[in-house]
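Here's the structure we're looking at; comments come further down.
Naming follows writing order (A, B and C), and every chain is counted from residue 1.
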Amino acid sequence: MERFAFVLYRPLQLVPVLFGVSAVSFLLVHSIPGDPVRILLGTRATAEVLAKVRAQYGLDEPLIVQYFFFLKNLAAGEFGRSIIFKTPVMDLVATRISPTLFLLSYAVLLSVLLAVALATWAALRRGRFADQVIRLYSTAGLGLPAFWLGIVLIILFSIRLGWFPVSGYGAHFFGHLHHLFLPAFTIALALSPVLIRNLRSSLLHEMESDYVVTARSRGLPGSWIFLRHVFRNSLIPTITLLGINVGWLIGGTVVVEQVFSVPGLGSLMVGSIFARDYLVVQAVTLIFACAVILTNFLVDIVTVALDPRIRL
Amino acid sequence: MSALTLPARLLSRRFGAPRALQVGAAIVFLWLSLAAVPAVFAPYDPIVQDLGATLIAPSLAHPLGTDNFGRDVLSRIIWGTRLDLAMGVFGVLAPFVIGCVVGLVSGYFGRVVDALLMRLLDVTISFPYFVLVIAIISVLGPGLQSFFISVALVGWVSYARLIRAQTLVLKESEFILAARSLGYSKARIMFRHILPNAVLPAAVFSMSDIVIVILLGSALSYLGLGAQPPAAEWGVMIAEGQVFMATAWWISFFPGLAIVLLALGFSLVADGLAERFGVRE
Amino acid sequence: MTAVPLLAVKDLSVVFRRRGADLEAVRGVSFALDASEILGLVGESGSGKTVTCRALLKLLPGQNARITGGTVRLEDQDLMPLREAEMRRIRGPKMAMIFQNPSSHLDPVMTIGRQIAEAIVFHERASEKQARSRALELLRQVGIPDAERQLDAYPHQLSGGMRQRAMIAIALSCRPRLLIADEPTTALDVTVQAQILRLLLRLRDETGLAIVLITHDLGVVAQTCDRVAVMYAGRIVEQGSKPTVLTCPLHPYTEGLIQSQPEAAPASERLSSIEGQPPSLADLPSGCAFHPRCRYAQAACRRHPPPLAEVDGHQTACLRWETLAATRRIAEPS
């Protein structure tokens, strides 16, 4: 249990990082040249609204005071108002977050399935044709642009074969599964090469371990040894790798949402950039950063749970 | 003389170059040639429109087809090589330099300086790379210049870590102790003694990073935040072709293939260098 | 030796393929073992002792090794024609093996208890609970203190000696009648070595376990074994009861090994050693493989590999064993 003590300490260590992240998000918007109020509210706001916002954000105060206003507002869940949608940013985020979460989970699931299947197949058929092909995929695949892959998959599976819809989110759970399959699969195809390289190499290394010989000397069959010993040992570095790549995953989701017109946070962010809806950009950036921090924390917990040798 | 033959020697079997390195280098060399003298290889002009020849499928006259403006896709891809290659190489150069400086300073001076710089690093890596880059571009405005600035501000992190790790080890070594006892200035020790010995893992990583940055840059251009039309950048071409997915698939397909093949070259070089110099990931 | 020994190995040969050439790692090895007997298999690195034992289990490493001849009869059943699936029923329930380095031979992410229980669950289709209580018994049997708690311990939490005991418990989980121990004490501290050897003796006394103990250390042999077989360059060069072989060796190699023990040299004299190096398998000397290093060697030794001569159950592969014995009788007043 003491190995999990870090769960208590880590949030304290994360406080400076969280402050830093919020500072960067704050500075992002505040480095835009021009009148900050005009930037935040657009050209059509009235004088009273301008004055009210000036007061709320302390926009006439020095930068550091403005930062504290920003933090105070954050704590209250107040991200400001979107210029384009004319609603509080918080509400906007609340509606758009579920498609992104769904897509991310779906993508992770498919990536893991794909990586486990291909890496295992390659490790068990080491040196043979299947292994060579998979290794080629895991090297060439590093250069697969997710946005291009998405388009190729749409051409093949939506347009030519008609199996999946071209875009959108769909209604109800199964609608989501259907609409988001191609986007999630796109991300999985783009992420899995990295995972496959690592898992395959891990598997091969563990398969040569001494404890495998011990297991065989007890008459345990290869498949049993593979599942109960080799696999568990190999999984640990790969899960860590998956955690490290969560930033990449989120970035991939942003692009893929654009390709497939999925109404999630990613497409919201891209749209807001073009519309100069800076408060939305700031909010989404901050949320994504918090997601990365949280995920890294969770991955650390999972790693400690899986590997009894680790102390963090 | 020996410096000129260095690349050739690096790649020869005798030097121990793995197959991956040789193949990768050959591929990169091919692309470099296309980028250097596109006019030699491209049959048509990349910008000039020919509205009488729009949306032609791949054929003898146009091996990769034409787009909605009648421009030859093959020629545009060839001319676009210099854009994507530049994005990759220069998009790695600034982060490399910044990362080296930060890593050296952080590792060498330690304590407060190190703590501060590492906090900055922690904060930077808490943002998804892509998200932070586009957030910065939103402030700077779309365009290639914004792209290079953004990437410099965000991408230095990996290099800083690698260099710092090496610096921490090297600064305790005998030859550094000797340099210090000779009264050399800190800057001289860092840049002329530590850096050349610390730089190898970072240099090997830079090859994989070129792949990452090319993908990043083309994705940004696809979104409209990087290179702008009518530039023949491959991401822009893919975006322009998406509208015609159903009828003229070749406009989006072949530029993407080019990205994959360019990235493949650098990935193989990265693998080969890692194998040759025993650098683990 | 009873009429049907527990283990009877006859003319076992194993060949390795390296760089296109076939190397004979084990050449015509024969020995036998009864229940409750401990046979010491002695030799330097490269003598073929480990390969021989892996061959008994048909667990040769890699693709390049294969058994090219001989029979291995366990409880009068020839193991050679058995297929892999049938061998798996032998490994564990009939015979088991323990290894030199317990740290690397145990799965680091699985508890000791589960590693012991595993084979029980697989071979006997026991429930997890039954297997676990058997595992607890086994941990007690091998002398691990606080066994209840150690069931849920991980290998890295145990000391070297404890890990080796755990490995013994794992090997004995399905009650095999034969245990092969490949240098089980070499990687351990001297004090712990003695404890492990005592454990093996106790297990033999309590359960009738037969043990093939591989070692390069004659001290270990002296402490634990009933019979000894000495291997050199893939062949058994001497075999017999421990007291006889150790006091009256009939092969120059064995004699050399005994004399090079630190205990054998009088306090003020230099340690003796056998000159030269063991031969590489790719380049074996003609005739007797030991002749280049042997002070009794004659022309005949270079011509043909000596056949195994037997004197009262004591075998030796030396043409000049009588000279050897005579020389010693002269040197040592009786």
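The working rule: a residue touches a chain if its C-beta (ideal position, glycine included) is under 8 Å from a C-beta of that chain, and two chains touch if they have at least 3 such contacts.
Because the structure is predicted, anything quoted here is derived from the model rather than measured.
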Chain centroid nearest the full-protein CA centroid
A
Just list the two chains that share the greatest number of C-beta contact pairs.
A-B
Which chain has its C-alpha centroid farthest away from the centroid of chain B?
C
Just how far, in Å, is the C-alpha centre of chain C from the one of chain B?
58
What's the distance between the Cα centroids of chain A and chain B, rounded to whole Å?
23
Length of the line joining the C-alpha centres of chain A and chain C, rounded to whole Å
55
Which chain C residues touch at least two other chains?
none
Counting only residues that touch at least 2 other chains, which ones in chain B make the list?
none
Chain B-facing residues of chain A, complex:
16-17, 20-21, 23-24, 28-29, 31-32, 139-140, 142-149, 151-152, 154-155, 159, 246-252, 254-255, 258-259, 269-270, 272-274, 276, 278, 281-282, 284-285, 288-289, 292-293
What does chain B use to touch chain A in their complex?
20, 119-120, 122-132, 134-139, 208, 211, 214-215, 218-219, 222-225, 235, 238, 241-242, 245-246, 249, 252-253, 255-256, 259-264, 266-268, 271
Listed in rising order, chain A residues that touch chain C in their complex are 209-211, 213-221, 224, 228-229, 232-233, 236, 306-309
Report the residues of chain C in contact with chain A in the complex, numbered from low to high.
57, 59, 61, 85, 87-93, 96-97, 99, 101, 104-110, 118-119, 122-123, 154, 156, 167, 170-171, 173-174
